[in-house]
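Next up, some structures in structure tokens.
One chain, chain A, links the two complexes that follow: it is found with chain B in the first and with chain C in the second.
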Partner chain A sequence: MNKWIFVLRQNKLVLAAVYAVFVIVTALSVYLSDKSVVSFLLLLSSFLLLYYTAFPNTVKWGIAGVLLLIVIPFATSGGASHESYMEVVTQCGIYIAMALGLNIVVGFAGLLDLGFIAFFAVGAYSYAIFSTPQVSNFISGNLFPLSGSWFWLFILLGGFIAALFGVLLGLPVLRVKGDYLAIVTLGFGEIIRLIFNNLSKPVNITNGAMGISSIPPPNLFGFQFTFPHQFYFIVIAILAVVLFGVRRLEHSRLGRSWKAIRENEIAAQAMGIPVIGTKLTAFAVGASFSGMMGVVFAAKQTFIDPTSFTLVESATILVMVILGGMGSVPGVILGAAIVTILNLQVLTELTNWFNQLTLNGIVNIPSALSPSKMQRLLFGVILVLMAIFRPNGLIAAKNRKVNEEKLKANLPKAAVPIGQSAKQSGGAFK
Partner chain B sequence: MSELKVSKLIKRFGGLVAVNGVDFTFPEGKISAVIGPNGAGKTTFFNMITGIYIPDEGEIELGGKSIVKVKPHKITELGVARTFQNIRLFGSMTVLENVMVGMHIHLKAGLFGTLLRLPGIRQEEEDSAAEAYRLLEYVGLAAYLNEEAGSLPYGAQRRLEIARALATRPRVLLLDEPAAGMNPRETAQLIELIKQIQREMGITVVLIEHDMKLVMELSEYILVLDYGTKIAEGVPEEIRSNPRVIEAYLGKSAVRQEVMS
Partner chain C sequence: MISEILQTLPQVLVDGLALGAVYAVVAIGYTMVYGILEFINFAHGEIFMTGAFAGTAALLTLKSAGLLGAMPGWLAYLLAFVIAMLLTGILGIGIERVAYRPLRKAPKLISFISAVGISFLLQDIVRFIADLKTGNFIVTGITLYDSNLKVAASSLWSVFGDAFIKTNTIIVLAAAVVLMIGLDLFVNRTKWGVAMRAVAQDRDTASLMSINVNKVIALTFFIGSALGGGTGVLFAQQYGTIDPYIGFTLGMKAFTAAVLGGIGNIRGAMFGGILIGLIEMLASTNLGILTGGSFGAEYKDVMSFLILIVVLIFKPEGLFGKAIKEKV
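The block that comes next holds the complex of A and B.
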């Protein structure tokens, strides 16, 4: 076994061939079989394998792109029954983006936020309200309700509005720390949901518990996006932007400031980092990812109501982050994918299977025990097991190692030689 | 210009007066020391200068301007940097990253510049990594650059705190018990390092220390606190022979040092 891994590590060609065979076999079996959850999960696991291969990073990104844009759409194009795969992958994408957002707040900045779903709700409602007759209840004019062509602008707007809410929430909330912060954000999440639930009087803005229906699908030059496999591409595009954003931020001045605050707030202040402002940025950036996906969610479901934005949803995203590994981007992606697939695919399939068995009279499983109702139990078990066995998550956060030779090569270019900096430049001190 | 001066400084914690009406002017561009028995109020004194505590009464001036009630991060921008008695590194970040955090106020990259990776940002990032590396070389930690800061031995952690503080390019450097937990060899290296910093960078260095050998060797001027009150100030010779100081502090410590060596 070890010998084989060694060969694969050494010989990129063999590795590429083995990997290609794996992808082709799983993709074909998804394509050819009527419905095979196992081969579908194997196909998805090719991303995880890819992460562990020895290919250079750029090659990995390229392969991931091919998998996402060609292989998966092809493999799941085998008929209407395959549409549910696309639904799962699309939901995965939505949750991955949200988990990456929460990871900035919890994983990077170390701020426990238990009301994160509120920003998703804000994004979803902002598109839903302005694109349906709902808007006419409080704004008159012929412009509203907006058509599906506005969807694209609303992705940005939803992100922006959610970021704004993040800042508004942060201003009062960030004065408390630790456990208190968790409780206050939990309250905030519930307040937002209750507001959406009750804002049907005196002016009907959100239509209350009835929710908003007939949300127009995205429209691109007359082309309507209605099927999961069409939303898939929208989600992939947003996710790509989010992912590049996160990776850039992680190893930047801002990313380091977030982590510094997480590690030691007093020392971070002593290094000149404005704590409140930096935390607010974390809230805003994290919230914006959620808000963007909220817009997509509203357009995809065409109907939203407050029940989609409960505390359980906030907890679900937190479980994704903790399971995957706080502060670890690949970990959080894996965590979000696992939890989503567990929710949408595995638990549903198991439930169907048990139902089938019950129908055939083989066993008798009361519906109260059906797997889809065990979601919370399962999350609890996952969290306990993680805390015991892998407190750092499935893929623990890793620090970036810097090449010493490269640093040395850069030395002559370095801005101010430190030996002289203090004396020379009063200008260095703002 | 960078003159740091405190007058009638008072800090109370409940009924306890941790710092009680201290007047002091730190000699500019020189090394001075604040000494006194445990609980004398030395760390509290530093915490007020760096804005972590707001004094109940009194004045702190830097270059003629009051820095009372100025936020800690703004005080860093004004050129005051410090290390901590109970080490406060960013434990799970790398040694290099710790120093790069120290350069925060001298970097420009903001949210959107980073997201769009504007041309200057990448260069700034490379330059700052190189400068951080140079600082690590300066304090003798270059070999550790990719290690987790929290995994370093104590002595190295204290030197990393110094490197991180230097990265802010301070005019005034406050060191809170920099030799605590160091063995004699590490202490000797530390003495050389502090001398070098003062000599090459012209920084005003203020240190809190219990190691009298280090204090007497390094400092040109000494402030002695006891129960929050200034009981003496002066050059090392004066302090050494001051009866109040000997009674409050040096007596016990000098005896201990005799026994140890």
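The block that comes next holds the complex of A and C.
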């Protein structure tokens, strides 16, 4: 076994061939079978394999792009369950973007946020209110409600409004630390949900618990996006932007400041990092990812109500980050994908299977034990087990290594005299 | 407007006191664990909920065995109360042993996440059991003392309206007072109480003074959880219907009470609980009147969360707590 892995590591050509065979076989089996959860999951796991291959990074990104844009849409289009596959992948994309946002707050900056879904709700409601007749309850004029072609602007706007709320939340809670912060953010999330739930009077803004329905689908030069396989491409595009942003931020000056604050706030302050501003940007950036996806969510569901934004949803995203590994971008992507697929595919398939068994009279499983109701139990088990046995997650975060020799070699020659003069001046002080 | 508020005031005070007593006893559980481990036991609200279900289950079992009619009401009440306290107390020790003790040296974030996990676990396990046994996870139990007494507050001052007080409200208040006084005596007068305070002050030094720290922490969890579970029974008796998700909101409010009184301070938690209960009742009755009907009782939970946020920002040490300087 080890020998084979060694061969694969050494010989890129063999590796590429094996990988291509894996992708083609799984893609074909998804294409040819009517509905096969197993082969679909295998196809998705090709991303995980890709992460562990020895290709250079740019090649990996290229392959991932080809898989996402060509292979997956094509492979799933074979059977009748095209839309349900695409729905799962689209939801995965939405949750991955949100988990990456929460990862900035929890993973990079170390601020535990239990009310993260509030920003998602803010994004979703901002598009929903302004694109439906709901808006004419408080703004008169012919401009509103906006049509579906405003969706594209609202992706940015939703992100911006969510970021604003992030700063609003951040400002007062900055004095609060650790687990207190977690409870305050939890309270904030509940407040936002309660307000959306009750803001049907004195002015009907959110239509209360009834929710807002018939939200217009996105419209690009007359082309309507209504099906999951069309939303898929919107989500992929946003996800690409988010991923690019996160990768750039992680090793930037700001990203390093976040990590410094996470490790030791007082020491970071002593090193001259502006703690307040840095924490606020963490909240704002994280919230904006969530807000953008909120807009997409509202347009995709065409109906939203406050029950989509409960504490369990916040916890779901937290579970994704903890499971994958706090502060680790590939880990968080893996965690988000696992949890979403578990929720949408594995649990529902198991429930259907159990129902079949019960109907056929083979075994009798009471509805109280149906797996689709076991979300909380599963999340609880995952959180406790991960906390005790693998606090760093499935793919632990790695700090970027710096090649010292290379840095020294690239140092401009002029730098040397400065070092000498420093020594000399040091001597002069003595 | 003022006369309306004054008219409902006696009833609000009675209901607020009962609710506040429940918050106060649950808040003690938060404060005790925080005092000793500096750790927010997020699952405490769920322990309260488990207690409510355990007590209700005990009463339902007694009824189906035909024993409930045979014994006096107070005995059944006491039995349910003691069973729930024992069960939740042991549950608390178990949770500490399994989910918190391995993480005592880990970063606070990690142990808090473990507590959140435990809280989800408990919610779903209780839901399973309730759903399996009764077919519905919302359970209506047997209320033992639900006759109403009239408090003729109008004879005191004609502006007041009369208030109605459930017999059970008196039991809730009495039980809460007994529990709180008992705990206060235990912590301040007994050897175990001294050990507890010593561990809270400095765990390492306490262990050098031949105090078994693990035992003391387990005891703290037992007492805190048993208090929470016992209050669960009182709550179920007072409000009749329970579901597996009552622990979350109530736990948050009790936590607010603990923070308001100064976390780690047992007497502060009692005071904070009563205060939060009164404020919540006042808000839910009068918000609608004060704002002319545009914001009603549905914002009462927002009020509690706002109090929590305001206290944490402006006076994080609470009303009776000591401010701590952060050490480098």
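Please note the rule applied: the second predicted complex is superposed on the first by the 410 of 430 C-alpha atoms of A that agree within 3 Å, B and C clash if a C-alpha of one lies under 4 Å from a C-alpha of the other, contacts with A are read in each partner's own complex, and residues count from 1 in each chain.
Everything that follows uses one rule, which is that contacts are C-beta pairs under 8 Å (C-beta built on N, C-alpha and C of every residue); 3 or more make two chains touch, one makes a residue touch a chain.
What you see is a predicted model, and the numbers here were worked out from it, not measured in a lab.
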{"item": "Touched partner set for A:Val173, first chain B, second chain C, both or neither", "value": "second"}
{"item": "Which of chain B and chain C A:Gln269 touches, first, second, both or neither", "value": "first"}
{"item": "Which of chain B and chain C A:Leu359 touches, first, second, both or neither", "value": "neither"}
{"item": "Touched partner set for A:Ala80, first chain B, second chain C, both or neither", "value": "neither"}
{"item": "Touched partner set for A:Leu13, first chain B, second chain C, both or neither", "value": "neither"}
{"item": "Partner chain in contact with A:Ser257 - chain B first, chain C second, else both or neither", "value": "first"}
{"item": "Footprint overlap on chain A, comparing chain B with chain C", "value": "266-267"}
{"item": "Of chain C, residues touching chain A in the complex", "value": "39-40, 98-99, 102-103, 106-114, 116-125, 127-128, 131-132, 137, 248, 252, 255, 259, 293-295, 298-299, 301-302, 305-306, 308-309, 312-313, 316, 326, 328"}
{"item": "Interfacial residue positions of chain A with respect to chain B in the complex", "value": "245, 248-249, 251-254, 256-257, 259-260, 263-264, 266-275, 281, 285, 397, 399-402, 404, 407-408, 410-411, 413-419, 421-423, 426, 428-430"}
{"item": "Residues of chain B touching chain A in the complex", "value": "1, 50-52, 71-73, 76-79, 81-82, 84, 88-94, 96-97, 100-102, 104-107, 109-111, 114-115, 117, 121, 125-131, 133-135, 138, 142, 145-146, 148, 164-171, 200-203"}
{"item": "Residues on chain A engaged by chain C in the complex (per definition of touch)", "value": "110, 112, 114, 172-173, 175-176, 178-180, 182-184, 186-188, 190-191, 194-195, 197-198, 201-202, 266-267, 311, 315, 318, 322, 366-369, 373-377, 379-384, 386-388, 391"}
